[in-house]
Every structure is written in structure tokens, then in C-alpha cells.
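By letter and in written order, the chains are A, B and C; residue numbering begins at 1 in each of them.
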């Protein structure tokens, strides 16, 4: 296990001390503050019941379910190709990335593999949706801390990525483009050049946001040492993705798992940060967007020629079996445990979403922080409500 | 151009009352349009309102019309009297601030011998309005916003006063007209070309004053009392329609007021060097010069606002008590010593 | 292919049999620790490992995995209802099937004996190998020991299972609904819980197959014929 940094230790001790202080010293009557479900900071309908002592949080308990759509039940009455329409809407910002693990699981059960060209394009789209998702986070964190300008830059530059998506899939948010055995369509003419240009713009955005926000002392004082999550705790709560890497765990499914996708052909670095605080989470995600553009740049040069669809039967029946496939989605590890009984549709699908576990640490991490830090921590843990409630 | 001198008392009184109202509403509207609508939009690579009038210049009318039409809501559990009173307290304070600011040799609303003292005293009354609003709304967010505002105002009133003390020492007067004329007739090492605006000698004081102003106005990075991502809208959460509009006017009018005060104290007020206008001409030109200087200071205020993230409440207190107050004390010491030496 | 990052272990670079060995070893270690409590296990070479444990050893298995096998990453905890759906797939053409009996359930990997099974996944952050744990729950006593003291992340997962399947967890600190309203009746993810929207209006059907790219001619007629319905 990674060594815990000094800052991490200090933050941890601070949290414990704050809690002890709240419990022992003060005997004033507390106040219960209901943050949400309608609140500007929760960008969705998350509700947090915070018990306060002054401005200090004694306990915080998230309440979910305002947007529960029951996908695990709905999936049971869909055929395999119809499922992607639903699961697109789980993490609506990292849209395409939701489809991939499910399609991979189905392909694994059917013992087929999509052609290399399809795998490359899938990987490129996976990374594009990561950029679209995380770019919004990079701006949104500013808004949560009171710097409104950053998010407009994020919206502006995310457009480049969404336009790329749209020109291929026809959908900006819900592409529904992945198929069992390949992809719906090939890339249009001139798209590759357009994509290269967009990647340059995304990298420029990263530089801009780094100067605008991360170079700012106020941003640092607001995020450094706030919401420290040690690696052990993070693992126990099942935190994944950038939240885990920001606690110093060097683990990226793209690199460490064996996928038929094209990540193995790209050279990228997995960034970790030893601090485990809000700043670290922001920093890791920023680097991740940069690495993501590099992956796209490398892959787009080498897309192999060939078909984009493997030979699959017209009516897809998936052989009986069970498969678990998870991928490194923008928000963290997203996986599907697919149980098939040789039928047209899945028998049971367990959808493991990243935000659900990422947010489950909130009661632990928010003891003893101040009200403004609640917002900082929530923003830096980064959740999409559809990803919690699915 | 001698009208100002020939007016009878009641005429000039009416003129001054109308003038104060205009002086509050016009800068407030201008600031909203120029900075909030347009400058902010362009800084954020968007256009802002474009439909109402050329470049959206009539958008403000539309907004005011919208607010006036809205339903007047008072929460059931709110303290009705105080809830209604609060916005007027805030706006009233701003009117009182404008009262003491001179716009020309004779174009002033009131020429007070203790003008600086009066300004600083009156400007902190608005926090009572904010506190009242926060308390009377019967809303936890409002309450926290109101309390934060109170804590913040107490912390930042002090560095503001101390920053102004430097100016007062240098000018040797509390009268704002006198402070302006000292700056106008001052000399920089024997050269009187541009007078001696105190921003040159009191640059530290100007910086502290601006920071404290930012906090007094609850603008980012010190906008914790409003903090839309934490407290929804702080003490304004429960307000709507006309009363919200009053708070809104209050916010921007007081930004204009503090900009005017800063312009008077540090930028030479209505004085425009180099043209040799006589007093009567200055009564006409002065207000324009003043508005120009005000806009410059307001530009700084809003530039900070659109750029920075916000502090946390305890960090703000740390900044005030540990850094700004000692710094302004040092500034006073240095000013006093230099005053005696030169 | 060069890698810049600092992780020493990349499973993909090892040949498949080695990974098998690692998974076999992991399952064997678990079997040694738990003894008879491991009912059945299955290793899919190069893919995944499944272990079905006895209900009595459910929490012990988690503790052993975490403390001795290094599987410290809690992925998820869920459940499966193995009862075939009594409502079919609710399509236009599918008549409601006969009420299924719990006598002959068709269990998946690593087998099963009862209708409800717990399903969990733990992963090691260093070797990146994961293990799927399963556990049968007797029909007359849907209660399992809680994991929330071993893996704090299991807390919310157990609340979800409780409301969705009606499985309770002994020792859980706060077992209330997480998604559903507090007064919701029934357990939606059980197979015999009807999907009301489908009861009201059946799904139009399965035929939404589009022609495959590259081979439009073969399928055109069939697709058109299908689309008319």
C-alpha cells in the first residue's frame, strides 16, 4: 500500500480532533440544515441532511433516490441491444463510456470480439466522453468555490468534443452508438483531422484552467487539506477512479486490466497524488484530461483499416453465463455483472456505478468540516446524480 | 453657468434630493449593465443580453419590469415587519453615503466637516439591514448568511477605517471637499501638474481600502454571505419581486458609492488636472470626472469579483485580523512619521 | 510498448496460464482459510474467479479476503433472484408463463441451492485480481451478517439490497430505504414484483434489428417485414 503522506496524516488527525471537539466541548443546541434536494450545489437532486454546530458539520447524511429510475429492473425486460439506450443515461456526461462495459460483457459471453477498427474507435470515443465529462468538472469546481468564470470556459471548450461526438453518432449526450460486435457506423470523412484540432483545443483549455484556478491562492487555501481521504479508507468505501488515485493508489483499469480495447496500444501515464485532499482530486482529473487527449492523438493516427462490425447473428441471443466487466469511466470504476440465461435479454444486470460508492464516503469525510467545505468536498468527489441513483 | 449660486434654499434642497436619487439609481443601473451584463459576459466568452435594445442596453428595463410584476411573497413564519423593513434599510444606507460625496466645488449634497467620519459610520449601517433580513426570513440559509455578513463587516470595517486614517493624516482634514482640494493643489516634489492624488502616497492604503470595500460589499472573493453554491442566496434567499430588486439595487448602488468614496479619497475626486476650469465649469465637469473615476474603481471591484473563487469565513477573518489590520497600522505609522518629517 | 507509470504489476503482459495460477492460488487460499464453508468455486481462465460460501461464513469470508488475501477494494455487494420471471418479458406476443416453482432453479456460475443469492466482488488494488463471492440465502430466513464493519462501503449496498430484495442484514447500523420512499411496499428487484408500466402497456416487441453495416441487402427484406408490425 502506498505510504500515507504527511499532509494526509495531518488532515486525518484534524478531522478526528474536530469531531472530538464538537462532541465534547460544545454543548450548544445544534441546527439541522437540509442541503437539497433543490440546492445550487448539488447539481441534481441530492439531499444532504447536515447537523451543524455553528458552521461546523457534526454529521452529514446524504439522501438519494429522488431520481431513481430502476434501471436494474428495466434492463431485465429489454433485449441486449436495447439496453444501451437505457444505460446511456446513467452518467449522462460520460455517455458513451457507459455503453462500453456492458457491450464488452455481452461480447465476452457470446465469445465474439469486435474488429480492431471498431475497438480503436470505441477507445477514442471512450476517451472523448471522458474529456467531455471531466472538462465540465474542471469548470464546475470553480463555480462551487465561487469563481463563476471557469465554468463558462468549460462549457465553451466542451463544445468541441461534443461536436466531434455529434458528427459521428448524431447524439451529443446519448450517442447509443456501441453495438454488440462493433459499432453502428464508421467515422465520417474529415473527422480525423477535426478530432486532432479539437484535442489541441482541449489541451489549451487545460492550460487555461490550470492558470486560472489552480494557480490561484484562494483556490489552494480552499482545497488543500480539505476532505482528506486516506487510501485505506478510500478502498474500504470502494472509491474508484480519480478519487482513489488522488489518495495515492496507483490503479487505473485502463492500464491494469486486459481489455480488447485499444488502450494497450497507447502510451499514457497514470497520475496519482499522495495528498488525498480536494486539491489532489482536482489535480488528478486535470492531468487525466491531458492524458486522455494524448491517447486520442496516438490512437487516431493508427486506426486500422477493416470492418467495424463482426459477424453477429441478426437476432442476438447471448449464451447462458455470467460476466463481470468494468472499465475506468470518467467518474471511476463502472461495471456490469451480466447474468444471461441464453435468452434475448439479460436475466439480471447488476450495475456498479462509481458515484454511488464515491458518495457513500460523505458521512465519513464530512465530520467536523465547515459548511463551505461541504460544498468543496462534494464538488471534488464529483458525482453525477444519474450515476448515484441509476 | 451661475445657476448653482442663484437657487433659493428650497430649490436647491429639492435638486439635491432628486440628485441623490439619481446618483444612486444611475450608477447602480450603469454598473449592472456595463459590468454585470456586458463585461462579465465578455470575460466569460459570451455575449450577454443582446435582444432588448442595441446590445441589450434596455435589458435593465426588462429586468426591473419583471421584478415589479412578481408576486410579493413573505414566508409564513417570517417576521413580517422586519422582513419588509430590511431592504429599505439597505438602500437607505446607500443614499446616506452619497449624501456626503462631493461631485464638484459646489455640486455636493451636504458639505460635512466630519465627512469621512460620517461616511464610515453610515456605510456600516447596511449590515443591520442584512442582519435583519437574515433573521426575519425564518430560513436557516438566510440566518447563516446574515451572521456571516455581520462577522465579515465587523472584521473589515476596521482595516477600512485604518486605511482612511492615512489619507486623513496626510490631508489634515476630515472634510471631503478639503481632502479633494488638498489633492488638487498638492505638489509632487515641487511639480503640481496633476496635483497629488493620494493613491501615489497612500498606495498601501488604497489597496487595503479596496480589499475592505470588496468585503463590505460582499463581492467575491468575500461573498460568503451570499455564496450561492453554499447558502443558495444567503440573506436574500427568501426575497422576491420588489424587495429583491431593492437588495439588488442596494448591492450595486453601494458598489458605486464605495467606488465614489475611493475616488474621492485616493484619486482626487472631481478634480481634473490640466484644463484650468473655473469653479462653475467644474460644477458641470466635476460630476462627469467623478463618474469616470468611479467607473474605474468599480471596474477593479468587479474584475476581482468575476475572477476569484471565494474564501472561507475563517480564512477571511484570518486575512483581516492577521494581515490587513497590522499592515494598515504600519501604514498609519509611516504616514504620520513622514508627515512630521516633511 | 513502453509504460511510463510506476505500477510494477501489469497482468496483461503475463501469459494467460500465469494469471490462472494466481486466481487458483487465491481461491485455494480462501478455501484453506474457510475450510468447509467454501461450497463451490469456479475459475474462468484469464477472466475471473467465483467462490460460493456458506451463509455462516459470509462475514468471515469478507474478513479473510480483506485481511489475508489483500482484497481490500470493495467493489459492490448485490443479490440475485434466481426465480424465472412469472411475467415473461412482457412483450406483445409472450403470453404470461406459468407460475414458476422454486424447485428447479437454473443457477449460474458456481451453482446455487436457493432462490436468493448474495453476490459481491472484492478486488486487490495491488495485483488487480478480483473475486466474486456468492452466498445462498435460505428462503425462510433472508438474513445475512452485515459487512458494513469490514467494508464501510457495504453500508449503502446493504441498504439497497434490503429494499430491493427484502434481504436483511444482521448488525447493520441503519437499515432503512435508500432509494425508495419509506412507505414503499414490496421489493422491486424480486422477479415476482410486476413492472407496472409493462402491465399497463406491453412493450411493442423485439423487432428493432437494423441492417448490419456492410451487408444491407440480406437483411433489408426481413427488416422491412419486421418493421411493419
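By definition in this document, a contact is a pair of C-beta atoms (placed from the backbone, for glycine too) under 8 Å apart; a residue touches a chain by one contact, two chains touch by 3 or more.
Remember, it's a predicted structure, so these values are computed and weren't measured experimentally.
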Central subunit by CA centre of mass proxy: A
Chain whose average C-alpha position is farthest from subunit C's own: B
Whole-Å gap between the CA centroids of subunit B and subunit C: 63
Distance between the centres, which are taken as Cα means, of subunit B and subunit A, whole angstrom: 44
Inter-centroid spacing, subunit C versus subunit A (mean Cα positions, whole Å): 22
Complex interface listing, subunit B residues touching subunit A: 40, 43-46, 140-141, 144, 220-221, 223-224, 227-232, 306-315
Residues of subunit A defined as touching subunit C within the complex: 1, 64-65, 68, 70, 72-74, 76-77, 79, 81-82, 108, 182, 184-186, 232-233, 235-240, 244, 249-252, 255-258, 264-265, 267-270, 307-309, 312, 314-315, 320-324, 326, 333, 335, 337, 339, 341, 343-345, 348, 350, 352, 356-357, 360-361, 364, 389
Subunit B partner contacts - residues on subunit A that touch it in the complex: 31, 33-34, 39-41, 55, 142-149, 152-153, 156, 212-213, 216, 218-219, 221-222, 370-375
Residues of subunit C touching subunit A in the complex: 1-7, 9-12, 46-48, 50, 72-76, 78, 80-81, 85, 89-90, 106, 108-109, 119, 121, 125-126, 128, 130, 132, 151-153, 155-156, 164, 177-181, 188-189, 193, 195, 198, 203, 206, 208-210, 212-214, 219, 222
